[in-house]
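Shared chain: chain A. Partners: chain B in the first complex, chain C in the second.
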Partner chain A sequence: MMDDFERQLQQALQKKEPSPFFEARVLGAVKRQGRERRASARMWWASAVAAALLLMTGSAWEYERGVREQAAGRQAKARLELALKITSVKLQKISRKVEGI
Partner chain B sequence: MKTFMKFAVAALLAVLPLAAQDIKMPVGLDKLAEKASEVVDVSLDGALLQLAGRFLSEKDPDEAHVKHLMGGLKGVYVKSFEFDERGQYKESDVEELRAQLRSPAWARIVTTRSKREGENAEVYLKTEGGQIAGLVVIVAEPKELTIVNIIGSIRPEDIRDLGGRMGIPKIDIGPIKNDKKDQKDKENDK
Partner chain C sequence: MDHPEPRTFVSVLRAQQSMVFSIAYHFLRDRSAAEEVAQDVFLQLHRRFEDFEGGSDGDRHISFWLRRVASHRSIDYARKQRLQPSVGLDDAPVPAVDGRQQDYFLNRRLQSLIGSLPEKPRMVMVLRYQEDLMPEEIAAVLEMPVRTVKSHLQRSLAMLREKIDRSMGDVR
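Up next, the complex of A and B:
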């Protein structure tokens, strides 16, 4: 019983030669992991830059839209004032004439 | 007889939507712009009126008043032409507009004619279900033609009374005196 256990332990602890190209495979895996990590970091940065650009473009567009709307609103208000001015003056004149008849 | 009735019903059905439509400014009026020395052309549809309304302050009493008046408006269209000389436009230029105003929905509430000054003015009101739904003002002066078309619920006196507010001049020319009556009064005084 004890001998069997010792034999198994001996086999387990026995020095084994690595399989051929083991070192190359390990080094390849390390390099690959490094490449993937760098690609992932690049991807993260690209996404962050894209998001920042999108945010900046969106903000600029929103600001521009606000400025355009302000200008259009002020222009519409001025036009309305002009229309009301013309109409009011004409109606006042008509009213005076009607009152004078 | 049946054929006539069918035709009459078809004609009525064809005309009814026209009567319900808002009036259109005659396209021919744009040609007057070439002859005019000054042109004012204001076109404010419902969306632009809403936009203008957002820029009228509630804090300013005059602007708040105008904002309140605008609540029932769907469109404001004004065309005004000023000419250097007389006779630059014809009555026929406005006839297309008057023809539209002959529909039952419209009623001419005021007409003033002054041979001496050569000034004619007409005010038309459109009513729908007892409510004012439109206002048209046509003022033809020797060197000026003005057409106002307001779509929506507004009383002419509300616009007239804007005089003195928002930079709109308040015309204080006093009632026009009757020349013949004045002459008689003067003779009696003597």
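Up next, the complex of A and C:
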């Protein structure tokens, strides 16, 4: 049961109305919030697409570099094999000459 | 059979703006701060409006949610702004009036005294006497034990009675 003092407290703490523009202000803020969220979502997607493109470009470049390096390695190997073959032939000739002496 | 209007954000805003604003206003005692807090509460509601189910259960859930968020936001706002009560317990003017103006000045004095209470007891008083909530409901809104709510209520009431009796005894 409430006594007189508590009823007086209820009266002192009666609900009050906000300003007449409050509703419009909130609805305006809601619209702004929606626009900001959409812009933020667009920005997120743009960043994600940019990151994906960057990753793909990087991977392609890395793959290309690997292919080039493999080709260069194969060429170097072939040159080395040729050099070794020439050296071997020359060494065999020298060996035969030495044996003939 | 009557079908109630479907709940929309605007209908909830219209129905509950007074409650949300008043919790913040009676706690902060500052209209523009209270409107700022109330606006933030409704923006937060709008972000998760679809989460609330329909029907009267949903309405009750929204009311509870709004009270809880308004209470916590008001307390946070006061902490951030370090809002001090504009009139302290002992320096509120004692009105020299009689008759019809007595209630008005008594109300102002009570609002001022409630505004000077510490944060948690102040919010407990606002929820008890503005929203007419029982201690169990206040405990749920403020996430504190019922015993603490009852203790805040008893101590605040005793202090307010004493201050009012001392300062306004001559006009009552």
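Keep this in mind: the second predicted complex is superposed on the first by the 82 of 101 C-alpha atoms of A that agree within 3 Å, B and C clash if a C-alpha of one lies under 4 Å from a C-alpha of the other, contacts with A are read in each partner's own complex, and residues count from 1 in each chain.
In this text, contacts are C-beta pairs under 8 Å (C-beta built on N, C-alpha and C of every residue); 3 or more make two chains touch, one makes a residue touch a chain.
No experiment lies behind these values; they were computed from the predicted model shown.
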* With the two complexes superposed on chain A, say which partner A:Phe5 touches: chain B (first), chain C (second), both, or neither. => second
* **chain B versus chain C as contact partner of A:Arg25, first or second or both or neither** => second
* So, A:Gln14: does it touch chain B (first), chain C (second), both, or neither? -> second
* **Partner with the higher number of touched chain A residues, chain C or chain B** => B
* In the superposed arrangement, which partner chain does A:Arg74 touch: chain B (first), chain C (second), both, or neither? -> first
* Is A:Lys85 touching the first partner chain B, the second partner chain C, both, or neither of them? -> first
* Using the touch definition from the top, say if A:Thr57 reaches chain B (first), chain C (second), both or neither. => neither
* Asked: Is A:Ser40 touching the first partner chain B, the second partner chain C, both, or neither of them?
  -> neither
* To do: Once the two structures are superposed, pull the chain A residues common to the chain B and chain C interfaces.
  => none
* Spell out the residues on chain A that touch chain B in their complex, using ranges where they run on. => 69, 72-74, 76-77, 79-101
* To do: Enumerate the contact residues on chain C facing chain A in the complex.
  => 9-10, 13-14, 17-19, 21-22, 25-26, 31, 34-35, 38-39, 42-43, 46-47, 103, 106-108, 110-111, 114, 125-126, 129-130, 132, 157, 160-161, 164
* **Contacting residues of chain A [partner chain C, same complex]** => 5-6, 8-19, 22-23, 25-27, 29-30, 33
* Complex contacts: residues of chain B adjacent to chain A -> 40, 42, 44, 48-49, 51-52, 54-56, 66, 70, 76-78, 80, 110, 112, 114, 121, 123, 137, 139, 146, 148, 150, 156-157, 159-163, 166-171, 173-178
